[in-house]
Amino acid sequence: MSSTMSYYLLLIPLIPTLVFAALLFLPRDLRNRLMYVSPIAMGTSALISIIAGLTEFPGGPYSILRLDYRLATLGEMPLNLTIDVGPLSLIMLVMVTVIGTCVQVYSLSYMKDDERRGWYFTVMSLFTAAMLLLVMSGDLLLIFAMWEIMGLCSYMLIGFWYKEKAPRRASQKAFLVTRAGDGGFFVALAAIYAACGTFNINDILASAPGWAPWVAAVAALGLLWAAMGKSAQLPLSVWLPDAMAGPTPGSALIHAATMVAAGVFMVARMLPLFELTPFVLTITLWIGVATALFGAILACFQNDIKKVLAYSTISQLGVMFVALGVGSALAALFHLYTHAFFKALLFLGAGSIIHATHTQDTRKMGGLAQKMPLTTVCFTIGAFALAGVAPLTGFFSKDEVFAVIKYASNYPALVLACAMGVTTSLYVTKMWLRVFFGKAKTPHVHEGGILELAPLGVLAAATLFGGISTRAFGDYIGDIGVWPSWYMATISTCVTLAGATLGYLAVRGKFDRFKEPLRFVGAIMDNKLYLDAFYDNVIIKPYFIVSDLLWKFDEVVVDGIVNGVVALYRRLTRLTWRFDEVVVDGAVNGTAAAYLEVTEASRIIDESIIDGAVNSSATLSQRFGTLLRKAQTGKLQTYQRLAIGGLVLVLVLVVVLKGM
Amino acid sequence: MLNLTVFLVLSTIVIFSAIKMLSVRNVLHATYWLLLTAITAAGIIWFLGAEFIAITQLLIYAGAVGILTIFALMVTVRTEGELIRSRDLSLAAAICASAFFGLMAYAITTSPSLMRVTEYDPPTFAEFGATLFALDGWVLPFELVALVLTVALIAAVWWTREVRKGGDES
Amino acid sequence: MSVGLEAFMLLAAVLFALGLYGAISKKSTIQMLMSFELMAIAISINLIAINRWVTPREMTGQYFALFEMALAAAEIAIGLTLIVALYRRAQSEEVDDFTELKG
Amino acid sequence: MLTLIMFLPLVGVLLCALLPKRFEGAAKYIALFTTAANASLAAFLVGGFTRGGGMQFETVIDWIPQIGMQYHVGVDGISMPILVLSCVLAFLAVIASWKIDEKPKFYFAMLLLLATGMNGVFTALDFVLFYVFWEIVLVPMYFIINQWGGERRQYAAVKFFLYTFFGSVFMLVGIIALYLQTGTFNMVELANGAAALPAFVPFGFQWWVFAAFLLGFAIKVPMWPFHTWLPDAHVEAPTAASVLLAGIMLKMGTYGLIRIALPILPEAFLWFQPLIAVLAVISIIYGAIVAFAQTDVKKLVAYSSVSHMGFAMLGIAAGTATGINAAMAVNISHGLTTGMLFFLVGMIYERTHTRKIKDLRGVAAQMPIYAGLFVFASFASMGLPMLSGFMGEFLALVAAWQGFAAINMQYLTVFAAIGILLGGAYMLWLLQRVIFGEPSEVVEGQKDLNFREIFVLVPLAVFVVAFGVRWSLLLDYVDPAAKAIARAIGLGA
Amino acid sequence: MLSGYWTLIPYAILFFGVLIALFADWAGLSSRLAALFGAACALVAGLGFTLSEASQLLFGGRFMLSVSGRLVSVGLCIITALWLMWIADRVKGRTREATALALLSVMGACMLVGAREFITLLVALELTAMPSYVLLGYWAHRRRSLESAMKYFLFSVLTTLVMTYGVSLVYAASGTTMIVGADVSGGGLIGLIGLVMLMVGIFAKVSAVPFHFWAPDAYAGASAWGVAFVATVPKAAAMVTLLRLPALMADTLPESLITVFVIIGIMSMVVGSFAALTQDTIRRIMAYSGVVNVGFLLTGIAALQTAGSFAIFAGVLFILFYVLAVFGVLLVTATEGDRVSDLAGLSERRPVAAWILVLLSLSLIGVPPLAGFFGKLYIFTSALTSSYVYMVVIAVLCSVVSAFYYLRFMKAAFFDAVPSKDGARTGEEIAGNGAVSEGLDEYDTKHRLFARTALVVATTLIVVLGPLSGYLIDWMMAGI
């Protein structure tokens, strides 16, 4: 362990944050001119992290930078935010910064004619800073904080072109769904803090076995629910496809490589806690499998290139969840690492293609191979990595996942995983063939500029040569994984090839005749499993109705209670009026007391009631007031009689009291 | 001297004249009955030995107040007919008054005798005058009554002033 | 047989009650004043009787009667002036006509 | 020093009142200087305040010895932050209401009187003094709403006055009942047990007194069933008034509970804990849902205040030191964020004279700075980490889980978490319809914020970020006092 | 420094004022100057009261100005002075007699608060009350004021006679007319009935229910400045007597009398506060407010046994603060008209008057830090120490109800729009809907200096004396 803390690592997240702060306060045009600052800054961070990655050689689970920052003390217990950079964080730093630089460089050309591009880069640098800090953090609170800030950035980016309606709705949907997930995070944090009074991951994991089982379960479920929200797992996956409404490079960085992966990263770090509650692990597994399978199937039916990539990301994340589900953090993290690179490559490639063909619909594309050779080569490398073709990183990481599932001897999961593999290579081949071969449907297609090709090249190289074997990755992280055997390699290659042939047939239209009988399947798939419809009808619309109902309830009932008191008076007055008539007057007349005069006074009072002096809104007090006022008949004799009557009554009372 | 017969005679006269005063329809006759009551009351007081008070009673009530009432009547009654007023018998008033009397009668009869001194040798009239004006005697109330009478005077003067139509000069 | 304080107090009570009745039943203000006078007479009889049997030496009762008579006389005098003044305005001294102020 | 802070605005009131008609315009400058002086004094106060030092800056003068009433003022970890917030907000409110031209003398006099009342409530340590200032606050607010309010201002003003007056009557009964038992009006003695309730006092008595206080404060917070006065009062009140109303006056309820109800009647609090917890959660969710359905921006923000104050009550219901920290955190951060939101709503109202959501659209395109600040304030109020909202809500949830363990109602925390989500829902829905999209004809051509308006909003934003990033800026002051109260209740940290 | 009989000098000064007022024609003084001179005499007399030394028994124990008595006398003299200053400026016509009568009434009042013997009490009470008959019916040329005087006169003569009869019975039972020694236990029922009838007399003067009927009509008929005096000085004196009598007879007071106080107190509070709700004439509302406040006072008196001397001082302060506020409200609204609606737009016409009206109404409601609040606070705290907690609760509720019609003053003054010119009523015009406009004097607007200073002094007293009341109580406690 290097004796001195490598504080220079703090520079990595610091630089983008400074850029964000700088750009935030500038007026629009200055910000647009200074947008170059952001990619340069990201480049330097990438450089630093690569150097650190190479020089530190940690190997093993110790941390090279540990830093505590006291946020507050709550009843003697200090609440700290800790930075704890371990080998895993180092690799993630490298990944995020490299991809970040590529995306930002690419965006320079992609966004150059958008008049709010300065704002785009501000949000991008904030996002990258948040992701870097998340990766470096050693406690759940900091993770959660960065988690939500990334949510904010994704909201900003998806809703970048806020004038149109689609991005606005998509950004709101994305933020709300992820926020629903964060609800789980909140509960988990509360449970954890109540149980062990700290958020430091190492302390939590140390004290976790001592908790009551249901507390651990609640914590684990909460974290899982949050991860599902962030990584768009099945029930909460609706937001990712719509998120494509944002600028493509933005989606490349956020919705492919980093943010969605944060969920997996967090669960991987908290895996020992999950292992304490086996049933949570199984839930993760089956959610992963379901998401992977359905993601892949849905991808096949998509015609929009970005939607295909979106669903492919969902399914690949499903794969990572499967790896976590069987308990192997290494497999998940390795797949996350590789997936980030080739998915970013695919997205940027798709970006160039869309720019070139001005359409996102794959059916309108074709024959781009001749027009855009370099982009095609890079895109192909990415596609094949996704499909799991042999020498590329995608193959190794997917293979590792299959191996881990087999090692956990969970055969139904393995079969479904292979089915998923087949479908993945099916839609990859289908897309690949449609886009690059066949007749050219779109006129004057041209290659993207150097600013677009360079990042593509870098990412393609990373996907090609970055395919270090699982063992090297494992050694670096210091985690032991299941090493691939030849047996598994052959299985996965067969799966890929089977998928490719099916893809070829689909493109040739062989399956069209199946279209008719499987019509209902198509409909289900087109409507994206009716998930969106489900959410709209079961949650969104009723929510409008409920809120209107409650508001009316609030206006009418609760407020009504206050006005009701007055209304009660009105009803009461009618009651007492009759009560006056029958009971009170009777009693008074009955007694031969000196107040006999009251009959005269009450006659006047009745007179006043009958002649309608009392309007409906007079409250009881007003009624009582007018009653008294009417007693002021103006005739002195009445006063004197009432007074003397009063006197006599009092005298009688006193005498009676004296008697007792 | 304090024998029953004298008391009975005087009290019957007083009560009779009081009732007559209230019941008679002609207001003028009522004032005459009032004068009679006042005179007999003065007699009773004399009978009780307070000669000075009896004389003042006679002077004030029978004299001044009686004459004043008649005078007021003369001013406010224009025709013969107006003198005749209704008896204004009001049941409520009767009930109040009788209840009051019943209560008083009950109280007087049942409460222990309040008589502290039986033999009666009243101090001389000179003593009466002396303590009336003694500093620690009744001089304070006397002065205050004087002030009250001044107020009454001012009031009488003020209310009967003739007011020119144009309101008062300041 | 001699007469006790109770007898006189009873007498005073009767007269006071009659005066009271008159005061609250008569419509004409002058008759009302006359009833007040009757009540005043009752009070002075009561006082003198009490003085005779309770405090003959100090004669508090007599002084009390004296002052009481003076006060009553002053009040009745004021009353009469008021009646006359009001009569000049309202041409009536029936209390029932003075009901302009009510409510 | 404290007395100076309390009565400086009063001097301002007198100056404003005595202004001759001709110099009416000078009223706002007087108000400006007095509140500015007040704010700087508050700054000194913070400087001179030793953390964890218990009651400081105390002044005790005998006022009516016969009934043991003293002029007893002092500030400790709990009341100091709100007092500073009150001074700052009063200062900003004066600047924000620069455009008031209808009877400015009367307006600024009332505003300063309001400031005196508020400062007084947070510094008073004698029950009668506390009650006196509690009442004083009502009168100017009634006049301001009645004079400068919207259309239904008369109804709203009377409703506001009656609601709070009704509550304060119960509080008075509680105060007098306590006085009869303990013979003293001194809050500090009652709180730290020096003159605590004698042992023989039956629990029933404690129960009734706590119920009286709870009702009085619940109406002020406002908690769920008593909240209907808030939307009306806010919609009809002018901008500066609704900022002070939401920023400070709502905190009088929670402050009252923390200062009076919890430490003095801990056993009764334990009995009431589940009730307060449930009502708090209902307030959170109810406020959020109803806010979603609003058509008037200001009413939406008003209902959001109901929801946020629900978190403060959740913290109080937890009864632990973290809980009270959370309550104070929500108080301060809500004061800042909702203060910003109300200023912003006021500014858009000054321009477009409408608060209806349906005719306000696309503000971002037309007024970028305004939109930026509006989005910042909305995300702060939604509880985004690194901004002060998160501190309050997060601590409230954590404390709730901890505090409710004893009465095993931890599931309430899940509902509260749902409340946070719903909080996000209505805020985003508001942003969707108002900030983003094509500018509507009303918003078209509106010019962006001028320097004065920015000067009002920027300090608040700075505080929001400062507290968001470094919680200890606020919580170091609050924590020692919170610990003392939590120890009294005995539910642990 | 005045001791012994020298303490009577203030009364002499007041009488000197009376003489000057009566002989103003001869001395060539106009009514205004006579009134101002009277005011000066009243002020000097007030000063005199402050200087007189600790209480001594004079006139053979018949008269002793205790500390609270002196405070009340000072207060009443000040109020009379302010009143005289106001009428000097504002009231047209011959006010010399009014000045004389007012000064006489104040003399009576200052005598009444010191009376320790029934006969002196009766005469002093009569001396205080009689001028108010005249002041109510001052404008002899107007039927309404005469009618109001008539009503008040007849009603109070009846009750005075009842009271005198009561006193005679007490004298019969106890053998002496000294209040302190009046032990009625020997006389059985007679003494008790006597005491009740005695109290009835004072209840009538103070207008407690059921003897309050005269007040609304009398106040409504009379001219506003007349009512301003009648509703303050004589009523305050009567209230103080109502407070002192049970205190003086504390040990021999029969238990059942306290129940009478309680009953009448509760009835007064309830009737007073509710009846006023439907009123729209200012003076009628103030009449009912008088009834309510007697109710509050009776709450304090009921607790006399337990609270001891503090209750008396609390009661005295409460009375003074209440009376001062009523005085101010009546005079401020005198020139505006009879009905609350006539106050509309007062804040535009006379902002200072509007603010005075607001402050005084707030003090009447009992909003802190004004004097009214402290008055009520003392009364209620002293009542709370006794077992009559339920009375305090009723009192609080009634003060909430009564808050409504005071708020109407403020609402009219500030928020109601000024009625269109033709709508404004003039002098004798009788409104259509039966709510008879009870007569409106024409008021002099030439010089306003003294009138305004009078009102401002009254309001400052209300604002300043509130918080200082603590020291007033200390001074009284020390001075026993």
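Here the chain labels run A, B, C, D and E in written order, and each chain numbers its own residues starting at 1.
Methods note: a contact is a pair of C-beta atoms (placed from the backbone, for glycine too) under 8 Å apart; a residue touches a chain by one contact, two chains touch by 3 or more.
All figures in this text were calculated on a predicted structure; none of them were measured in a lab.
The set of chains touching chain A and also touching chain B is given as C, E.
Common neighbours of chain A and chain E, by the contact definition above: B, C, D. The most centrally placed chain, judged by C-alpha centroids, is D. With respect to chain B, maximal separation of chain centres occurs for A (centres as means of Cα atoms).
Between D-E and A-D, more C-beta contact pairs are found at A-D.
Among the other chains, the CA centroid farthest from that of chain C is the one of A. A separation of 95 Å divides the Cα centre of chain A from that of chain C.
Measuring from the averaged C-alpha position of chain B to that of chain D gives a distance of 73 Å.
If you average the CA atoms of chain C and of chain D, the two centres end up 68 Å from each other. Centroids of chain C and chain E (each the mean of its C-alpha atoms) stand 27 Å apart. Among the residues of chain A, those in touch with two or more other chains are 629, 632, 634, 636-637, 640-641, 644-645, 647, 651, 655.
Of all residues in chain B, those touching 2 or more other chains are 90, 92-93, 96, 100, 103-104, 106-108, 114, 116, 138, 141, 145, 148, 151-152, 155, 159, listed in ascending order.
In chain D, there is no position where the chain touches two or more neighbouring chains simultaneously. Looking at which chains touch one another, you get A-B, A-C, A-D, A-E, B-C, B-E, C-E, D-E. Across the interface of their complex, chain C is touched by residues 119, 122-123, 126, 130, 133, 137, 140-144, 146-151, 153-154, 157-158, 160-161, 164-165, 167-169, 171-172, 175-177, 190, 217-218, 220-221, 284, 434-436, 438 of chain E.
Contact residues of chain E toward chain B in the complex are 22, 30-32, 58-63, 92-95, 97, 100-101, 104, 107-108, 111, 119-120, 123-124, 126-127, 130-131, 133-134, 137-138, 140-141, 172-173, 175, 186-190, 193. Residues 592-594, 596-597, 600, 637, 641, 644-645, 647-648, 651-652, 655 of chain A are the ones that touch chain B when the two sit in their complex. Residue ranges on chain E touching chain D, taken from their complex, read 310, 355, 362, 367-369, 373-374, 377, 381, 384, 396, 400, 414-415, 467, 469-470, 473-474, 477. Within the complex formed with chain C, the residues of chain B that make contact are 2-4, 7, 11, 14-15, 18-19, 21-22, 27, 30-31, 34, 37-38, 41, 44-45, 48-50, 52-53, 56-57, 60-61, 64-65, 68-69, 71-73, 75-76, 85-86, 88-90, 92-94, 96-98, 100-101, 104-105, 108-109, 113-118, 120-123, 127-128, 131-132, 138, 141-142, 145, 148-149, 151-152, 155-156, 159-160.
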